[in-house]
Each structure stands twice: as structure tokens, then as C-alpha cells.
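Each in C-alpha cells, the structures are laid out below.
Okay, so chain A shows up in both of these, paired with chain B first and chain C after.
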Partner chain A sequence: MRKPKKNTGWSLARQEEMLGYTLILPFVVGFLVFQLAPFASSLVISLTDLSFISNLEAANFIGLDNFIHMFSDDKFIGALWRTFYYVALFVPGVITVGLLCAMLINARLLMRNTIRTAIFMPYVSNFVAIAVVWAILFDVRDGPINSLLRALGVSNPPLWLIGEHTVIPSIVLIVVWQNIGFFMLVFLAALQNVPSELYEAATMDGAGRMRKFWRITVPLVSPTTFLLTITAVITAFQNFGPIQVLTKGGPGQASTTLSINIYQETFLQYRMGYSTAQAIVMFAIILCITIIQWRGQKKFVNYS
Partner chain B sequence: MSTKSTLSKVALVAVASALIAGCGNNGNNGNTGTNEGTSPSASNEETIVLKYATSADMASRQSTKDLMALVEQKLGNVRLEPLIIPGEGTDWNQKVTISLMAGDEMDIIYQNATTYQKFATAKLLEPLDSYISEDDYDVDKIYGSSMSTYNDQIYMLPAFRDVHVTMYNKDLFDKANVPYPDNATYTWDKYTEAAKAITNVEPGVYGSYMLDWDNYFLLSARQKKVPEYKADGTSNYDDPAFAESMKFFADLGNELQVQPDMINFKSKKMPWDSFLTTGTIGQFVVGHWAVQTAMDRTQYPRDWKMGVAIMPQVNEGGKAVMGIMGGYSVASTSKNKQAAYEAVKVLAENQWTLPGIVPARVDLTDEQINQVFQPMADAFKEDGITVEELKAAILDPSLDIVSEKIVGPGMSKITSLISSEGELYASKQRTLEETMTELKKKADQAIIEDQSTIQ
Partner chain C sequence: MIKSTKSSGVIILNIVSILFAVANVFPFIFMLSSSFKVLGKIFEYPFRLIPDPFIWTNYINIFDDKYDLLLWYKNSFVMVILTLAFKCCIVCITAYAFAKLRFRGRDFLFILFLSALMLPGDATIVQRYMIYKTLHLTDSVWALVLPAAFDIYFVFLLRQFFISIPHALTEAAIIDGCGHLKVFYRIVLPLAKPAIVTMILFSFVWAWNDFTNPYIFITDTKKQMLTVGMAMFQASRFQDYGLQMAASALALVPVIVLFISAQKYFVQGIATSGIKG
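Right after this comes the complex of A and B.
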């Protein structure tokens, strides 16, 4: 005989509420353990002189000394400026090229699928493999790029990844090339949602290609542009991987950005407290930029 | 109980077990046999398992397995088990540090004379003085000048030495009609002359090959033992000897063009072993570990003959060779410190008996020293390299071994600064004056920062 169901005494709404909490519990636990707790401990560490190579008991509370010292530290200031330089090159680069590629793919183009796959391929490729390929392309003496430049009459072609002044643009070029696929794909989805009748009406009104681009395409893909700009800024700040693989912050300190500097402070200088303070500053910068972007979106993002 | 309920309980237990397993000690060697708290005086039947921190690559080598077997054979009730820590070089050191800081239990660590001091400062190594004293172990007689102390305490027993030698391609020397390097008289001037005669850039033949490691930028300064710190604790890179060394290195590639210049070297990402793999390089000054590597003819097949000679000297008749000692320490997290000390002693005293190892011991007889080099000479029989030649270049008592690395405050940072600043000068992006000024300034800063960190 079937047993009658036990009455929990909970109302349906309460049961639904409990079910909801149960479902979000794994995420909440994961967030607390793997994100909030490390972040909180980072905040505490940034206020100490903890060394990477000594025990926690040896750390002293030093208040805001790490943050104060940072702004008189040439190495940190240099790394900060190089990071802004990197971001300033990367963000417009990847957004512009991503949008142009998406427009190209969106148009009637011969071998469209093949081209789309080719553009997307680097995004899913291993960066170490990418670095090897670009090292060959950027070979200063015998590489195809400089050979071409010499054939075109450039007597002193760039040093690319080993040049003090060319290293960051070279890294950005490679990272933009790698990321175009993702940005193109998201822009492509946005472009395909732009109603074709808007273009038809504009054509009938005599609008040219540039006018249609600036008056229809740009405003209607602006929510996507906004989202991708935030993504690009964050990607640009998190530039440790590509730089470590390509140059390790060299030549000299020419490509030592904030993320590389944090790594070096921790693992070469063993200054865990100081490097954590730098990481907090980097977090604060990204947060500020994102807030400014959110606030400013009303002016240039069209959700209609 | 219904089947559904039973299955649910089984699934719950399985998930809980998996979670507990996942959260447990990393135990990457899967060791469960450690006899915690067991002393070597325990019964002979009871085997003490010691964790020997090493890399995956080293653990897979036969020489490491032989080494561990040697300890077991000598001590009977002690067995070494590799505790594999991923990475190589500096990366490996960092991971060992993290592991020790996290309190992971390990017993024996390989160190070299430049790395152990940081570990000792952070109290990650056990001082061995009390064990040595109780044991009445005569380290001076056995290891002599190979021994080093830090803050007046012994943290490492030296097991082997690595000294710089000149590896040369006999075929290229013969072709250029240049006499082979002579151990008694070889100098940097002769090295340069030989390199000029051998170099033929068109087919890519170079008389010299050097890497972008810090020691190559400061060769003669270190051979002359110019101090890298001043008496006041600041760096000494404004001493002209360092600028002279830096210029010599850069000139070999840029002015004399007898070796790939820095732009070519960096741009083509030339590997350290180009000397062995290309057969188009006349001379390569490097630690003798590279000679041991060359013994592996499967990895490095050659159809040309190689020679080994003393590292070139600043002055004729000099005997200053750059070198470094490697040895073993007891980790502070060891739960079998006495047994670990006994194992470290066995490793330090006996590692030289394995092929290719040059001892740090100074008490070996001529016969034993010949025993060290005979396997190497046998491996290089076709090259015509003799035991006497190897002894003269690597283990001659008259050799004056100078540290190939800077040892002192800020050393990790300064080591990387020497390479990174030197690289800008060697690739003609900075003048020599600018380079030395920057190096001095940044090295001074690194010293201050390090002293404020390690207290």
C-alpha cells in the first residue's frame, strides 16, 4: 500500500523559496570559497609586509605603506603607463578590426564560411603555438615581414619583439589578431539583427555607404560594442599570458606591464604584500573604468 | 529499504568520498608509506620512507633512480621516494617554496650554492650543525673548500660541482688550421683569435657561441673576482671591470661578428644546445654539465669530433674558472630529520660514484678521481678526449673556482637585471654608459628592496 506523503508544514511558496536556495547553493559556496574569500584575504595581505618566502606569522601589519610606496616606485609607475599604452592600442584595435571583419563576413562574400573559420581559428588556438609562428614571422634578420619591408626599400626595419619601442605594439598586434575571431562573431550576431528595411529606406533616401554605417550600423550595434569594449578592457589588463610567453617583460623592462610586474614582485622579489597591493590597484582601475563605461553608456549606447 | 533509497545513499557516499579525496593533501606521489616520527634507530625491519623533492624530468632519469637506490643500499632501512614538484629551474624553486610554506612534508631538497640562502633565511631548511657535531662528522676533511655556510650555519652538504669549460669543435679548428686550446695557456685573446679564424658567416659557421644568461655578460669581471657589492652594501657595477666585460660580450657579436649577435640570437630564439646540434660552432664556454649532456649520442648524434679544455683565462697561466656547487639539504618540514640528515650524507658522499658526476669532495684519491672521468672519457673515445684532459679542465686541484652567480642581497633580481639590461646594450638599443648606469641604479634598488623584505 502506498504510504501517504509526509507533511513538511511548509507552504508552497516557502518550498519554492527553499528549492531556489538549494539550486543556487553550489554557486554561492563556490563564489564564497573561490572568489570572495581570496579577495578578502588579498585585501588583508596588501596591508602587510608578507614575503613570499616566509611564513604568515612573520608578516607585520603596515597599514597603507604598500600603497603609498607604490606611487614613488619608478618600476610600478613605468608598468602602469605601459599597461595604459597596451590598453589604448588593444581596445580600439580589436573593436575596429572585429567590426570590420564582421561587416565583411556579413556582406555577400566569396568563400564566406572558409574566411570566417580562418579568422576564428587563432581564437581557439594555443597561444604558445601562436607565439612560435609569430616569432618566425617577426624574425628581424630573415623573417618574411622584414624581408618584405627590405624588398620595399625599408633599410632599417623594426626590431618587433626585441625592440624597446616596438615590443608593445608588436604584442598588441598578435593579441588583436588572436582575438578578432571572438569579437567578429559577436559583432556578426549584432549585425544580423539590424533590420534590413532600415538600410533599404536609407538607400531610397539617397544615403551613401558611410552615412548608413554611421547612422544605422553604429547606433544599432552600440549595445554590443559597449559589451565588447568592457570585455576588451578587461582582456587588455589581463595581459600576463601573452607577454610572459612572448617576451617575459623584456627587452629590459619595455613590456613589463602591471600584471608582469605583479608576478615579478611576487616570484622574483618575494614581496607578496607589495605585489598584492598592486593587484588591488589594478582591480580598482578596472572597476573604475567599467563604472565610467556603465555611466557613460547612456550617451552612446542605443537600446531602442 | 527501497532500491531507490539505497542507490541514493551509495551515490551520496561516493560523492562525499570524492570531495574528501579532492580536498585532501595533494600527495602527488601517492605516498602512503611514510613512517611519521620514526627515527633511524627504529628496528631494521621498519623502513623509513623519505620524500625527496625533485622534478618530473629528474625523477624519470635513470641516474636519479640509481641515486635513490644508492641511499637504500647504504642505509638499509631508509628509502627515498620522489616527491614530484612540477617545473624546472627558477619555476621549480618557486613551487618548492610554496609547498614548504604551505607546510607540505618533504625531507630532502636539492639546492645549489646560490639558492639555498633564501630558503635558509626563510627557515625552510634545517641547520645541520647539531647533527654534524653529534655525529662527529669531519666536513672540512671531506668537502674542504666546497663547503659553504650561511649566517655561520651549515644548511647544505655539497655533492657535486659544475665548472665552466670550453667545448670546441675539432673539425672546425682543423679546417681553420688553428691549434686546439691548451689547458695551461688558453686566454680570451686566444679564444677570440681562434673564433675569428673559424668564423665564416656566409654558410653560418661561427667561432664562438654564448647565451643570454647573466654570467656571459660579466665573464672577465667574475673571473677577476671583482666584488659585486661595495663595502657600504650598494652594488659595484660602476667599477669599469663590469663595463669591460659587458663590452667584450657584445663586441663578439656586433664588432668582431664571430658569434651570432644578440638580435639574431633573440630573434631566432637560438637554443642553448646549438653547439651540439648544428656542428657549425667552433667554441662554446659553458658549465661542464653540457659535456655530460653531450655523452647522450642518441639525443645529440654527431659526425664531428669534440674537445674539452679549460675555460679561457683573462691572463695566460690563470686558473680562474666559473663554477657552482650543488648539494642536498634537509627540509624544515621533515618529520624524519635525523634520517634525512643520514640520507643527505650518503647523497653528498657518494653521488660522484654515478656516471658523469664530478664530486665536491676533496679527499678522493687519484684512482677515485680517474674513476670519475673514465666513463666520460670512454663515452668520448671517438673524440679522442682523455681522462687527463677532463681532469685538467674540470677537477684540477689548481683550479680557482669563482662563483658563476652573484650571491647576496637582491641576487635574484640582479641576476635578471644583468641579462635584461645587457641585452639592450648588446642589441644596440642602449649605449654602454647608459646600460651600466641603469644596472647600477636598479641593482641598488633591488638590494634595498630585498633587505627590507628578508628580515
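Right after this comes the complex of A and C.
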């Protein structure tokens, strides 16, 4: 806490206050235009039948019709389930692999700095540049991965990005690969704060590796795991970029998630009021998940 | 006996971690190697690291006038530099006000701004498009620069950093007759250099790699950024993998060089603050 300022007079405090308002003014304007205005207008537009190609005046107020229609719209319901599937694969995947990599780096092995660099490199890389390489690696007929699988005796290797059932796991695999480095570094910082005496004491008591992992490592990094899980959920819902680059929602609708569906409804179907209502549902889902996580953390997170 | 199993375990762990690291960078190795190969050799199995024959034509061809790659490269650089300039100014002064100045409504405003972090960008794409169109920002670099400049996340991080600068230090300077602006320039900014460098590095990478915003807000091919441009390039040259690999490798050069040369700041920045994904 800052100490109360010495008695330097009313005008100085007033000056400080005016300077404060002046300095934050640009940000306030930017916040209103680029954050609040899009959000507030989406609340209004979701209650209309506004079309992307017509004027605002041509839109009619239709109440909650968009929200009601959504739940009998197979395209929306399908996109919703695919989004949950994507999130359910991405979040545990990136958290588990991130923690394992952090433990690997923390084990003080040979060339740990080089290995850390290698794991982190995809995180700073341009996704479009990465995507074209993965498209070739995953090429069904001639790609190196399927050639390897065939050489190992797999007669029907997966269809990867062009298979109806494999497309979402394949996309998640690529996006997890890109994000491991970030999750690894945050976990690494948490692991380095675990006092080594705890492990020594556990070893003296005859605890094995698995026991030490579940009884010491997991509880002590749990505050970090909690924050990273929230980050991972929000990252997972924001999947427009990677999916649009890799598959544009295909094959068919197989990788059309909520964000892809919102884009298509707006820019291809021109149903703007409807797509905005879907965006609000997506926002509400993220908000609910975050609130549930905050509520649930008391049970699982160890702050002692 | 116990010792020997332990050391063999360490050796296995070493091998596993090195193999994992190699597998992790394999897409980059594949990209670089393929960019020097003739088309027929890219899908050769098993994979050959050293291209035979080794050709430079892919790199020469992407600079051909019939592609806009160089133009997109330049557009992206201009956009990134403008973003960094605006973001640094706005974020620093805002963070200073929230950290070191007292004014009514300060904490409420700060929490209000922070709550915007909850808004996923993908959920407001359509409305942002509408608003930028009304403001005549679409199809211009400002549609990317201005929204990125008002970055509450870095306001939050820099505010934390500014608060950690001892109050006695800034207070003493004020009592000695320094104005707040002088305190800001002479004391706070130099001390916050590591945090500002971290902000610049991450902002560079995010702006350079951004796909969604230019994809939605810029339709004019000549004004497009490198990421979206490359996606168009890939769609139009979808058979010419060598050419695509060369273009991808060139797009990665700025961020990889930046990362390798400033790795310390990236690692510390994430480790100390848990910068968002």
C-alpha cells in the first residue's frame, strides 16, 4: 500500500488528478471504440434480423427469436458439439504435455537450453507458414507420416486433415504442438519454486517417483495449472485462425466450430443478427466455464 | 546396483528428451530442406535432409514480379512498426497513471478495462467489422494498428512493474521539484526497460503472425499482410510445394531471428508474468 501523501496542498493533489485523467484519456477512448462498442452493439444486433448486405434501418427487432431458432438449427448444434470436442481435446492435451516438458527441462538433462529453445520455437512461428508444412506432413497419399506408417505395416493410415473423424484431432495436434512452449515455460517457473527439501524428505521416506509426482508436484503447481487451464479454454474457443487456415471448416462441416460457423453465417450467408446471437452464446459459454472453474478451484487448488 | 539403474534411467531420459526436441523441430527442418529441393524430391521417402540436387530457384522465383510477396512483406513490417510505436506510447502512459497517480475512479476504471480480457476476439469479429467500416478503417493498416495499441494486458503487466518501483524514489523526485512527466521519463521508464522490451518482443511476434484480423478487415490484395497473403499464395500455387516452403521459410525469418537473439527476454517475460497465449 502507498503511504498517504504529505500535506502538500490541495492544488497539487488536484493537479495530479487532472494529469491522471489526461494520461488515461487515449486509452478510455480506445476502450470505448474498440472493446465496449463492439460488445454493446452485439447485444443489440443479436435481437434483430439485420442482414450483412442491408442497412441498419432495414433491420427489424425480433426479440429472442435468433436465440430460439439456434436450438433447432442443426448447423449450430453441430458446430457447438464440435467446439466442445475441440476444447476437450486441446485443454488436457496442452496442460499435460506442457507439464511433462517442464519436468523434462527441470530434470537438468544435457543440452536443456537447446531443448527448451526447440520446444518453444513453434510458439513464435507464423501459423500460415507452419500450416503448409503440416499439410504436406499429413498428406494422405505421399506425406512422410503416412509413408512411415505404411513402412511400419499400417495398411490403412489415417486420413488426417481430410478425414471426417480425424480432422479435429489433427488440428488440435498441430495447435497443441504450437502452444506447448508457452505452457512449458509457465510450468517451469512454477516447478522451480517447489522447495527441493520436499522431494528430499519424500525420498528419505521411501516415496517412489510416481508418488512424489502425485503428492508433491501436482498439488504444489496446482495454482499455475488452474490459471493455465483458464488460458487454455479461452485459447481453445478462439480457433478461427488455425481452422480457417488448415481446413476452412471442412471436409464438409467436419471441422466447422462455433467461430467458423459465425464467420460463415455473416460473410457467406449474410445473416448478421443471427451470427451475432451465436457469438453471444459463445461468450456466455466461456464466461460460465470460467466461473465454474473459479468456484471449483477451492477443491482442487492448493495455495498453502 | 541402485546407482547403475539410476544412471541408465538418466541416459534414457536424456535420449527421450533429445528425440522429442528433434521431433518438435522436424517441421522446420522439413520446411528448410524442402525449400531447396526440386518438386519431385519433396515427397521422397525416406526423408533426405540434404537436397539432391540442391537448387536456389524457389527463392529466386518467389521474388518474381507476378507475386506480391515482397509487397506483403513490406506491408507487414510497416504495420508491426506502427503497432509497436502506438502501443508503447499508449500502454506506458496509461500504466503510469494507474500505478503512480491518484485520481477518483481509478480502481473502478482499471477493473472495468481488465474485464475486457474476458471478451474473446472471435466473438466480436462481426461487430468490429461493422464499426471499422463506419469509421472507414477497413482496408487500411489502421484497422490492425489502432485496436492492437489499446492492449489492456500489457497495461496490467507494466502497472505491476511500475508499482514495484519504490514509492520513495518517485516521491523524493516530486518533492525535489520534478514534475510527473520528468519522473516518468527519467526514473520509471529506464527502470522498467526489461518489462518494456518483453512487451515489444511479444507484440512484434503477435502482430507479425496475426491472421484473423487482416483476413477479416483487409480485402484489397495490395494492402494485405504477409500471413493472409501467404494463405492466398498457397491457394493459388497449391501444387508448387517447393515455392511455398521457400515463402514460409522467409516469413519465419524475422520472428526466429528475434527469438533466438532475445530468447532471455521471452523466457523471463513468460516465466515472471505468464503472458497470455
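FYI, the second predicted complex is superposed on the first by the 276 of 304 C-alpha atoms of A that agree within 3 Å, B and C clash if a C-alpha of one lies under 4 Å from a C-alpha of the other, contacts with A are read in each partner's own complex, and residues count from 1 in each chain.
Please note the rule applied: a residue touches a chain if its C-beta (ideal position, glycine included) is under 8 Å from a C-beta of that chain, and two chains touch if they have at least 3 such contacts.
Keep in mind it's a predicted model, so treat the numbers as computed, not measured.
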Could you tell me if A:G250 is touching chain B, chain C, both of them or neither one (first, second, both, neither)?
-> first
With the two structures laid over each other on chain A, which partner does A:G143 touch: chain B (first), chain C (second), both, or neither?
-> both
Between chain B (first) and chain C (second), which does A:I77 come into contact with in this model arrangement: first, second, both, or neither?
-> neither
Specify the partner with more touching residues on chain A, choosing between chain B and chain C.
-> C
Identify the partner contact of A:F39: answer first if only chain B is touched, second if only chain C is, both if each is, neither if none is.
-> second
Touching partner for A:W134 - first (chain B), second (chain C), both, neither = second
Does the superposition put A:T290 against chain B (first), chain C (second), both, or neither?
-> second
Chain B versus chain C as contact partner of A:Y21, first or second or both or neither | second
List the residues of chain A that touch chain B in one complex and chain C in the other.
-> 139, 142-143
Residue ranges of chain A in contact with chain C within the complex | 2-3, 5-6, 13, 16-21, 23-24, 26-28, 30-31, 33-39, 41-42, 45, 101, 104, 107, 109-111, 114-122, 124-130, 132-134, 136-137, 139, 142-144, 147-148, 151, 177, 179-180, 182-183, 185-186, 188-189, 224, 227-228, 231-232, 234-235, 237-241, 244-245, 259, 262-263, 266, 272, 275-276, 279-280, 282-283, 286-287, 290
In their shared complex, chain B is touched by residues of chain A numbered 49, 51-55, 75, 135, 138-143, 159-164, 249-253, 267-271
Taking the complex as given, what residues does chain C use to touch chain A?
-> 10, 13-14, 16-18, 20-22, 24-25, 27-28, 30-31, 34, 42-43, 45-47, 90, 93-94, 96-98, 101-104, 106, 109, 113, 116, 118-131, 135, 146-147, 149-150, 152, 155, 167, 171, 175, 180, 205, 208-209, 211-212, 215-216, 226-228, 230-231, 234, 241, 244-245, 247-249, 251-252, 255-256, 258-260, 263, 266-267, 270-272, 274-277
In the complex, go through chain B and note every residue touching chain A.
-> 90, 94, 97, 101, 118-119, 121-124, 262-264, 266-269, 412-413, 416, 420-421, 423-424, 427, 429-430, 438, 445-446, 449-450, 452-454
